[in-house]
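Below are structures written as structure tokens.
Next come two complexes built around chain A: one with chain B, the other with chain C.
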Partner chain A sequence: MKFLLQRLAQMVAVVLAVTFLCFAALNFLGDPLFNILGPIADENSGEEYAEVRAEARAEYNLDKPFPERYVRWVGGMVQGDFGRSFKNQTEVSTELSNRLPVTVFLMVYAQVLAVVIAVPWAVISAARAYRTVDKVSTVVSFGLLGIPVFALVVLLSYGIQLKWDPQWGDDSLFPGRYDDESLMSRLRSLAIPATALAIPLIAIYQRLLRTDLISTLQEDFIAVARAKGMSERHVLFRHALRPSLFSMLTVFGIQTGALIGGSIVVEQFFAIPGVGRALVEAIIRDDFPLVLGVVVVVSVIFVVVNFLVDLAYTFLDPRVKFDG
Partner chain B sequence: MSLLDVEDLAVTFNTPDGPVYAVSNVSFSVKKGEALGIVGESGSGKSVTVKSLMGLLPRTADITGTAEFDGVNLFNLPSDRKKHFYGVDVAMVFQNPMTSLNPVKRIGSQLTEGMRYHTGISSSDANARAVELLDLVRIPDASDRLAQYPHELSGGMRQRVVIAMALANDPALLIADEPTTALDVTVQRDILDLLDSLRADLDMGLVLITHDLGVVHDRTDNIVVMYGGRVMELAPTNDVFADMEHPYTEALYQSIPNMSLPRGTRLNPIPGSPPDLSVTPVGCPFAPRCTYAIDRCSSEIPPLFDGGARADHYYACFVPQGSAGES
Partner chain C sequence: MAETTAHDIAVEAPAEADTGQSVSSRLGLGFWLSVVWLIIVAGLALLAPWLPIADPNETAVGGRLEGPRSGLWFGSDATGRDVFSLTIWGARISLLVGFIAILVGFLVGGTLGILSGYFRGRFDSIVSFIFVTLLSFPALILAILITTLLGRTVFWVALSLGILAIAPVGRLARAQTLVFAERDFVTAARVLGASHRRIIVHELLPNVVIPMSALALLGMGIAVVAEGTLAFLGISVEDGLSWGKQIFLAASRRSELQDGPHAAFFPIGVVFLTVLSLNYAGDRLREVFDAKELVL
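Up next is the complex of A and B:
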């Protein structure tokens, strides 16, 4: 219990620190009022706009000192009120709740795809360590690791969709149709973006898990299991796999951050209406409340996923205890 | 009739630095209900010998010779027997109980998985049998143990669990590779006595590997003394202790600490170190450390002579120290 409270405090502190830095940066780099109103924010632009300026200052608390502004913003944020977008005056919270499920779906899709492919691949490699299958796997996974996401996106979309199989050119594969409610059609429309995000993850997970499996397979309890006459498949999946998952799981948590970065590229390229795309648009338009909203969401996702990873250690190994 | 007959076993490891002759010309046999002790210091090839029998050596190992168990050669198991052979007909107990159990699996699941895999019994029957086995190896509160993890048990208890696991499918032959080396002295005797009584009660063949002649003294019927991957002496246990032919056996015996000697008496270690097994042997592997060695010892490998007081007493030495040397 003590551990959980400590972790919770830590998580809150991380999110606050991240938002404070962003809030400060956005407020001091450039005049917020200018970003809201445009040229008429200038005091010399004419008396007729003075009232508009005063209204905007009041609405966005610009007449208050910076610390108070941050505290007020945090106060609203914890109640789910992220303020209104500078540009189209919509509630940031509405914008986020529309876009967040799309991004989360894409990220979960990519992670599941990566784990489902990487785990069996790593097991096969480790079982045949230093033999032909493993050597080829090493070359392939390093190759996959070397391709940046933006290049993958281009390769996958033009390569597969248009050139090699024109039938795929049918725009049902294009995520513009994401609005469709059915799970199958969502999976289908996000297949290429999710694959683009998953490929580097597959390579990382495969490398890590393979190495850990090879060292686990040297353990005495593996020889004991073999001496019991258990099949090699049983030895690999029931004895060696679980104690070998630690590094992969740790990196799984960390890669969630990289995945958010990757989803910005992918969402932009495929015009997927997710949080990543919202962030790009918000930054281009200096839409501070929206930028901050996305930052909050992204940092909360990252912190929560890594907390879950820590909890998962206790399920992987009964010797890991947080309290005691 | 013999349960296990090992004939001319040789194991060579092919390493990047050339071959390593880990085991050469090893022969012995074990009868039903009998115990065989394999004795030797580290690097004598005793572990490699039994690992080859269990099929646990890496692919770099080149095995020649035969090991007949119940009429089948272990090194060439027919595929129909392969699947349910190890863990059923032959089982093994390992040296270090602290690492022999999977740390993330419950005791119960590790005890029952072998039964379920080989005999296909139901999980409740397997659990009942697991409790029976834990009782058999004298673990208190057996039924509570099934849900525990290995780290909740002491080393001695873990070794009992490992033994129980090995016994799960009533093996005809149990191989124990230094089963007490990693345990506290006070627990060692308990485990050895347990193995001895299990052998007698279950009428199993037992191969007991150790570096301690004292361990095999009153718990085995026959002894193989190994050095440098070769058999130095092979005889019924009583004959070995009554009439040691090989200087190495003698040296090994004299290096055992003896509590009855007066305080301050120094131990009698064997000078020198074990041979380099990557060199093709030309003479007796023990010759460089042997106080009785003659010129012939370092130029010719001594064959196994049949001699001593009894006909089934074998030794590989040109200068036997026991009754064979006197005649």
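Up next is the complex of A and C:
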């Protein structure tokens, strides 16, 4: 319990530090008033705009001292009020709640694909360790690690959308436009983007799980299981797999960060209306409240995922005690 | 120092390695192939202004999306620019950014890590908290934020990626320092009256930094990819084409990608081989130095 509380306190501290840094950077390195009003924000641009400037300052609390603005902003956020976009006057919270589900769906899709492919692949490799199948797998997965997501996106787009299906369009098996009418249409339209995100994950998971499995298979309890006459499949999947999942689980948390980065690229390239695309657009238009909103939400997700990963250790190995 | 290290490794090396072998032969053929590739790419990038290649900005060197032929090895892009020349000039930006980023990460992260591992106490808690905070930011988001705020020149992009490298490098340096600070030779130096400065520079630094050379290569691979990603999103270096921007421009219009995939595929191939070489060389070094804790 004590460990959990410590971890929670650390999580809150980290999120506060992250938001404070962003807020300070955007306020001191940028010029919020200019971003709201454009050129007329300049004090010398004419008396007739003085009133507009004063109004904008009051509306966005720019007339208040910096610490007060930060506290107000955090206070609002806790109540679900992320402020209003500088550019199109919509509530940032509305924007986020429209776009977040798309990104989360895409990320979960990619993770599921990665695990479903990487786990059996690693088991096959480990069962035939150092033989031809395994050697080829090792080379392939090492190669996959060298392809950046932005290159994968181009290769998949060319290979599937242009070569394999020359009539490619909105009616294809994998439609070109994001479509959230039904679960099926979402799965189909996000298949290529999710694959692009999943490939590096597959390589990482396969490599780690294979190594861990090979060392688990040397253990006495595996020899006992085999001696009892259990089938090799049963030994691999029921006995060896669970204790071998540790390293993979650890990077699962870390990789969520890479996945967030990758989903920005994928959303941008395939025009998927998720938070990643919102972030890039907001940055190009200097829309601070939206940028801050995305950063806060994304870093909270990241921190929470890593917290859950810590909790999952107990499930995998009951010997891990948080009080110890 | 190098001899001592080689000797230590040979003694402690796992059973598979022949103790009589030199470090260079145990690194294997793949390692040297990777190094050769990296030297070629870096050499071409450095010498780009003096090479007999077309000006990367000159259009109509070839036809629109013309395929590879002699004299136009990688073909030409949609405006007839020489893709080979673009790729070499792109390497200048991509590799320079990667190199500066890792340099910054090692200078700042390495220093902070060694100091906090050596002195411990309050300083250590503060530094460790900074590392945790930096690590709990999804890396690309942090890079995007910093580049947007500071500016889109080679220097600022490299610096923002360097800031990302601080925490991973620093954490490893700290962990290594914690291990070595307890060893007898450090205690001996302290008993002999060596100053903190002397212990850190002469006793700890060589032991901490040499195993981290593997991390430098792996980190540079990550930095090159990160710069490519930023460039692909249109938020990296503004003047000049790095690999990421080149690939994006060649692939952003589907019709152009369909007509002339080579304009995107050649730079992708070069990025792939470069990142692969950095990863492989780093991985081999890691195994030879037997530093298992070097997991990114």
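FYI, the second predicted complex is superposed on the first by the 309 of 324 C-alpha atoms of A that agree within 3 Å, B and C clash if a C-alpha of one lies under 4 Å from a C-alpha of the other, contacts with A are read in each partner's own complex, and residues count from 1 in each chain.
Everything below uses one rule, namely that contacts are C-beta pairs under 8 Å (C-beta built on N, C-alpha and C of every residue); 3 or more make two chains touch, one makes a residue touch a chain.
These figures come from a predicted structure and were not determined experimentally.
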Combined model on chain A: chain C and chain B, fit or clash: fit
Partner chain(s) touched by A:280 [first = chain B, second = chain C, both, neither]: second
First (chain B), second (chain C), both or neither touched by A:67: neither
Dominant toucher of chain A (residue count), chain B or chain C: C
Which superposed partner A:151 touches (first chain B, second chain C, both, neither): second
First (chain B), second (chain C), both or neither touched by A:243: first
Following superposition on chain A: angle at chain A, chain B versus chain C, Cα, nearest 10°: 80
First, second, both or neither for A:143, with chain B first and chain C second: second
Contacts of A:228 with chain B and chain C, given as first, second, both or neither: first
Least Cα gap, in Å, left between chain B and chain C after the two complexes are fitted on chain A: 9
Residue ranges of chain C touching chain A (in the complex, touch as defined): 129, 132-133, 136-141, 144-146, 148-150, 221, 225, 228-229, 232-235, 244, 247-248, 251, 254, 257-258, 261, 264, 268, 271-273, 275-276, 279-280
Residues of chain A defined as touching chain C within the complex: 10, 13-14, 17-18, 21-22, 25-26, 29-30, 142-143, 145-151, 154-155, 157-158, 161-162, 256-258, 260-261, 264-265, 268-269, 279-280, 283-284, 291, 294-295, 298-299, 302-303, 306
Residue ranges of chain B touching chain A (in the complex, touch as defined): 54-56, 83-88, 91-92, 94-96, 99-105, 113-114, 117-118, 149, 151, 162, 165-166, 168
Sites on chain A touched by chain B in the complex: 219-221, 223-231, 234, 238-239, 242-243, 316-319
